[in-house]
Structure formats: C-alpha cells, structure tokens
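Take a look at this one; I'll ask things after.
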Amino acid sequence: MNSSRLEAFSDGVIAIIITIMVLELKTPHGSTFESLLPLTPIFLSYVLSFTYVGIYWNNHHHMLHTCQRVNGSILWANLHLLFWLSLFPFTTAWVGEDHIAALPTAFYGVILFMAAMAYWLLQHFIIAAQGEESLLRKAVGADWKGKVSPVLYVIGALLAFWSAAIAQLVYILVALLWFIPDRRIEKTLAAAGDVD
Amino acid sequence: MNSSRLEAFSDGVIAIIITIMVLELKTPHGSTFESLLPLTPIFLSYVLSFTYVGIYWNNHHHMLHTCQRVNGSILWANLHLLFWLSLFPFTTAWVGEDHIAALPTAFYGVILFMAAMAYWLLQHFIIAAQGEESLLRKAVGADWKGKVSPVLYVIGALLAFWSAAIAQLVYILVALLWFIPDRRIEKTLAAAGDVD
Amino acid sequence: MNSSRLEAFSDGVIAIIITIMVLELKTPHGSTFESLLPLTPIFLSYVLSFTYVGIYWNNHHHMLHTCQRVNGSILWANLHLLFWLSLFPFTTAWVGEDHIAALPTAFYGVILFMAAMAYWLLQHFIIAAQGEESLLRKAVGADWKGKVSPVLYVIGALLAFWSAAIAQLVYILVALLWFIPDRRIEKTLAAAGDVD
Amino acid sequence: MNSSRLEAFSDGVIAIIITIMVLELKTPHGSTFESLLPLTPIFLSYVLSFTYVGIYWNNHHHMLHTCQRVNGSILWANLHLLFWLSLFPFTTAWVGEDHIAALPTAFYGVILFMAAMAYWLLQHFIIAAQGEESLLRKAVGADWKGKVSPVLYVIGALLAFWSAAIAQLVYILVALLWFIPDRRIEKTLAAAGDVD
C-alpha cells in the first residue's frame, strides 16, 4: 500500500471531525443577543479545537509526505491517532458546557496528550520503516516541539484543578507554538530533492 | 505541498458542511400538511445557504486551480475560510428558527461578511505567493464582485434591524450575483494556456 | 475544470447523505425485542433510500465518465441534483415515522421525482456540451427508464392518498428497475473505445 | 469503471461511519468524575467498533487492490457491505446503552455476522470476475480467518443470552485475530509483482 490512500482516508476522517464539532453550537431558542451569549464558551472551545485539528492535519500531511511505503504498524498507528482525534468533538463539547470546571479542562489536556503520544508513535513507526537513512528523522531532528508539548499538556491538565483559565491558556500557548507548519520537514525535503 | 491535497481536504469539509445543514430539517411529529408548514422558513434558509456554499465551493476550486504551490500562509488562510464556512449550518438554523427576527438575520450577514473576508485574504496570499506575474491577479482583475459583496453583506446586516425580509432579499441578490461561476479566472487560464 | 473534481465532490456529498440517514435509527430505550420493533418501518425506509442513493451514485458515476469538460451549467445542474438527494434523509425519516400515513409517502415520491428531474437536467446539459457527436446521447438512447421513472413516481405519490403501502410498492419496483447499472453507457463506451 | 472510484467512495462512507459513532458519546451534564462514569460502556463499545471498522477498511483496501475492473455485481456487493457497516453506529450505541443486556449484545454479533457475509460475497464476486488466474483467490488461500469469524460471531450472539460479557469477549477475540493486516494478499501481490 502506498501512502496516498492512507492520506485520503485520514483526510476524510479529519474533515469530518473538524466539521461535526460545530454541531455542538446548538441553535439558540431565542432571537435576542442574550440567547446567543451562553454559546460563547462553546464557540471559544470550538475555535481552539478547530485550530488543533488544523495543526494535526497540517503536520500529519507533511509527515506522510516523507513516507513512501506503508506497513501494518504505520497503518494501525495512524488509526490510533485518528481515534484520539475523534474524541476532540466530545471533549470540546464538555469544556464548552462548563468552561470554569476543573475536570473537563483537565480531560481536554489528557486527550491532547494522548493525541500527541499517538502522533509521536506514528512518527516513530515511519522512521523505523525508513531505516538508517530516514528522511523523516533528519527532518524532525531534535524535535523539541514534539517533546515539550506533551509535558505542557500534562502541566495544563494538572493546573486545571487549580485554575481552569490558566490551564486553557497553556493549551492556547502550545497551539500557537505549532501554528506555523513544520518547516523542518519542508526544508529537509527541499534539501533532499522532491520525493513526490 | 501542492494544491491538490488542499483541494481534496477543502472539498471534504465543504461536502460535510453542505450536507449537515439538512439535519436542521427535523422530522415533523405529525403526518399532516400542517406539520410540514413550520419547516418552510428552515427549508428556505437551507436553500439559500446551500447555494452560498455551492458558490464558495465553485469559486474556491477555480481559485486554487491557479495555485501550484501552497505555503503556510495559504494553508492557514484556507483553514480560516473553512472555519467561517463551518458556521453556516449554525447561522442557517438560527435564521430558520425565527425568520422575521432581526438578530439571526443580521448574524447571517456577519457570517457571510467574515467568509467573504476570509476568501479575500486567501486570494491575497495566493497572489502574493505567485509574485509579479500572478495569474490569479490577472484573472481577478478589478474584482468588483469581491469588493461589492462584503459591503452589501454589511448593509444587509444593518437593514435586518429595520426589516429582516429586506435584509434576506439583499443576501439573495448577492447570491444571484455570484451564481455564475467566476468566468474571469476561466478566461485568463484559457488565455494563459492550461496550467494543469 | 475537468470532471474528476466534480466527481470527487459529488462522491463526498453522496457518501455523507447515504451515511447520515442511519442516524434516524435512534438507539432504543430498552433492551428487549419489543423496544426494537418500532424501528422496523424506519429500517425498511432506510433500506429503500440506501438503495436509491446507491443507484444514483452508480449512474451518476457512469454519466460523468462520458463527460470530459465541465462548464457552469453542468456544475450547477450537478449541485441541483445533490440538493434534491440531500433531502432523502429528511423524507426517509418522515416516512419511517408513520409508514401508513399518506402525506409522508407522497412526499417521498415528490423528492424521488425532483431528483429524477434534476438527473435528467444534468444529463441534458452534458449532452448539450458534447454537441453533435455526444457519446452520452448515444449511450442513453431512447432512455425509456429515465422517461418511465418520473411518471411512476408521480403515480406513486398520487396512489399514496389511497394506499401508502401500494405507493411504497411502486417506489420499490422503480428501484428494482434501476438496480442493474446502466449498461447502455458501459456498452457505448466500450464500442467507442475507452475514453479515460 | 476502475476500482479507484469504488475505493474512494467506500473510503468516504467508512470515514463517516467511523467518525459518527463518536456522536454517541453525549456531553455529560455535570463536570464531575461521576458524570463521566456512565459513559464508560459506550466508550468501550466505541473502541471495539472503531477497531472493527478499521479492520474492515484495511482488509477492504487490500482486497480492492487486487481488483482492476469493477462490474455491476462487485459494485452492488460493495454497497451491500457498506450497508451493514453503516449499522455499526446503531448497534454500538445500543450495546453502550445497556452493556449487560442480552439482546443488544446478540444484535451486535448479528451485524458483525452480516458484515462478514457481505465481505465474503464481495470477495466471491471479485474472484469470479478475475477468472481462472484470480490473484485474489491465490492470496486468500484457505481463508481460515474468513471461515472461522462468522461461526464465532454466531456463537457469540448465542452466548449473549447466557452472558453478555462472554459474548463481548468473543467479539474482542475475533477482532484481535484480524488486527494484523491480511498479509496473505500483500505477500501474493509481492510475489506476482506489483499490480498497480
């Protein structure tokens, strides 16, 4: 199996995840500004999750781009990543339900952490499959963002029990950290010549 | 990254947006003509939003067609556009809930305005990436439709507080304006030779 | 624009339509056989609609296969077809709600009729775009199925006010009529040599 | 029609099936750990169904890979398979509703059985279309997994009336059996040279 089918399927799942989150924005029962106001926290958590799923789509795409052949481990590691991403709509809705509550905010951090671990695992299997001369390993390099993010998710999840607002700030900061597409891969690919 | 992946992902998201709007047409609880009648405003707002999303899909496709290479700015400008489009199901449902209320109709205009701005921003980044000899800049030309539409959305949104019906008429007029696919791009592409 | 993008987008929308219909099969509130029974009419109408959407996907694909170039009319005729197909989940759910009621069954026939008209319109525009030597016109030939079906839908819709069961039987018969993929197009394509 | 369109459409449907199952994880109404607990059985049945749909996607892809040309029988056998897969969200939600009840668990086994039969039928039509020298027949070989699984689903469904837990264990065991991608096909393809 080549990676293009894996990309297409992942794209489909991610497109659905990013779109069904909006279903949590339930139609207000009134037509006044006051009836719109309670949706604010749901809207804000939607914006954050939309950004995170966008980041994952972006980096996932860059990563698979370095990967020519797909084996069983890569395939299941990819489904494993999609599984954790599929929990974004749930955790987003729960945070939006009560945005100053500790547990939903901590839970959001746990899902972020699990997705980050799943992403790391997928990266690991692709590098392993590429062997010594792995293009992805060169591209990833020291991978400080990949190492720092899970730690920050855990810190955020723990901070949530002290202040949900500060925990959410940590999640926003990590999102900003990843906002810029992973240029390392782009650069390594460019240096190695186009692999398409 | 080439633009075909961006197109495929955008297509997926737009296909989902255009389809989940229909979920707002809740099953009537009776089997009489009277039980169907209350769905009329929801149905009409569905028709309008379906047309708008169709217009965006159409023009988005033509625009990306001129774009060979995708950079980080284009990628995020595209996700930004998809974000505002993803709010169509919500705003459509809200207008359908009470179609003579001012605020939902004004809000619909705001979302139309934001999507138009996001589209303009994406267009701007693609032109910037293409540099001096931008095919898209030639194709867009004076872009009077792109300039007039946001102004009309704002006028519509303001008019809503006076008469929701007239505001909705403005939105319908702008949709009719865009109904015809953007032939400028088609023509410029044809003149410049096929860029596929 | 070539037809492959139109196909991909249509596929996405049809895949979502065929799948969200299953959301009408609401989880039963008990764990007994009796709690499952009320879902029978919803399930049966789901089976019928699944078959119809499958037929449309199938024939739509064969039709677009003959079409190399897409113009504005074809594009909007295609969106128009997708619009009527997008109403299948709604009308399916309504028939499932009360399967012996006249109006929902008649309404189902109306949607079938509108989709058939939209399909015919799309076919018309593709033939027009292909000109004198239209491959699709040869393939479609006398098109007796395309002519008989809308008539039967109207008859079914009218019969519904006398007996919903008989009307539903008519819809099932038309589905059986179309069940076999449109071999005319396949044959004409084969005779004309592969046009891929 | 070549198989790539069939794959793309199937991918779309499977991507939606795997993702809408998560909608059953309804937002808890509280922010405590206790409000999260009732979701555990729904979550666990989601994990199992996600795995099963993942297995089907994986093997379906490998199977279609051996198939160059699609005829009407293959096309409808494929839609038939998608139909039974589309019932996964429903049966998953029902098991999650009351995970120690006999009937939902037995019903889950019935759907697994029907999907397995539909898969077998699709495989049968592809082999028939390939004729004497069928690549897929060689790849499938004795197909012991394909023969044992339906038997185990029936046994599981029957066991459910004695103990739902043991029935669910049987389903989990079959999933583990299939977890590893069908290397037979991969190997035969490799031996026969790449058929892409």
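In order of appearance the chains are A, B, C and D, and numbering begins at 1 in each one.
Heads up, the rule we're going with is that a residue touches a chain if its C-beta (ideal position, glycine included) is under 8 Å from a C-beta of that chain, and two chains touch if they have at least 3 such contacts.
Note that the structure is a prediction, hence the values are computed from the model and not measured.
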{"item": "Shortest walk length in steps over touching chains, chain A through to chain C", "value": "2"}
{"item": "When chain A is superposed on chain B by its C-alpha atoms, the rotation angle in degrees, nearest 5", "value": "90"}
{"item": "Residue-number overlap at the chain B/chain C interface, same or different (half cut)", "value": "different"}
{"item": "Computed distance of Cα centres, chain D from chain C, in Å", "value": "26"}
{"item": "Chain centre separation (chain B, chain D; CA means) in Å", "value": "37"}
{"item": "Junction residues of chain B - those touching two or more other chains", "value": "8, 12, 16, 20, 23"}
{"item": "Partner chain D, residues of chain A touching it in the complex", "value": "1-2, 5, 8-9, 12-13, 16-17, 20, 23-24, 72, 75-76, 79, 82-83, 86-87, 89-90, 93-94, 97-98, 101-104, 107"}
{"item": "Residues of chain A touching chain B in the complex", "value": "7-8, 11-12, 14-16, 18-20, 22-23, 25, 27-29, 31-33, 36, 47, 50, 54, 57-58, 61-62, 65, 179-181, 183, 196"}
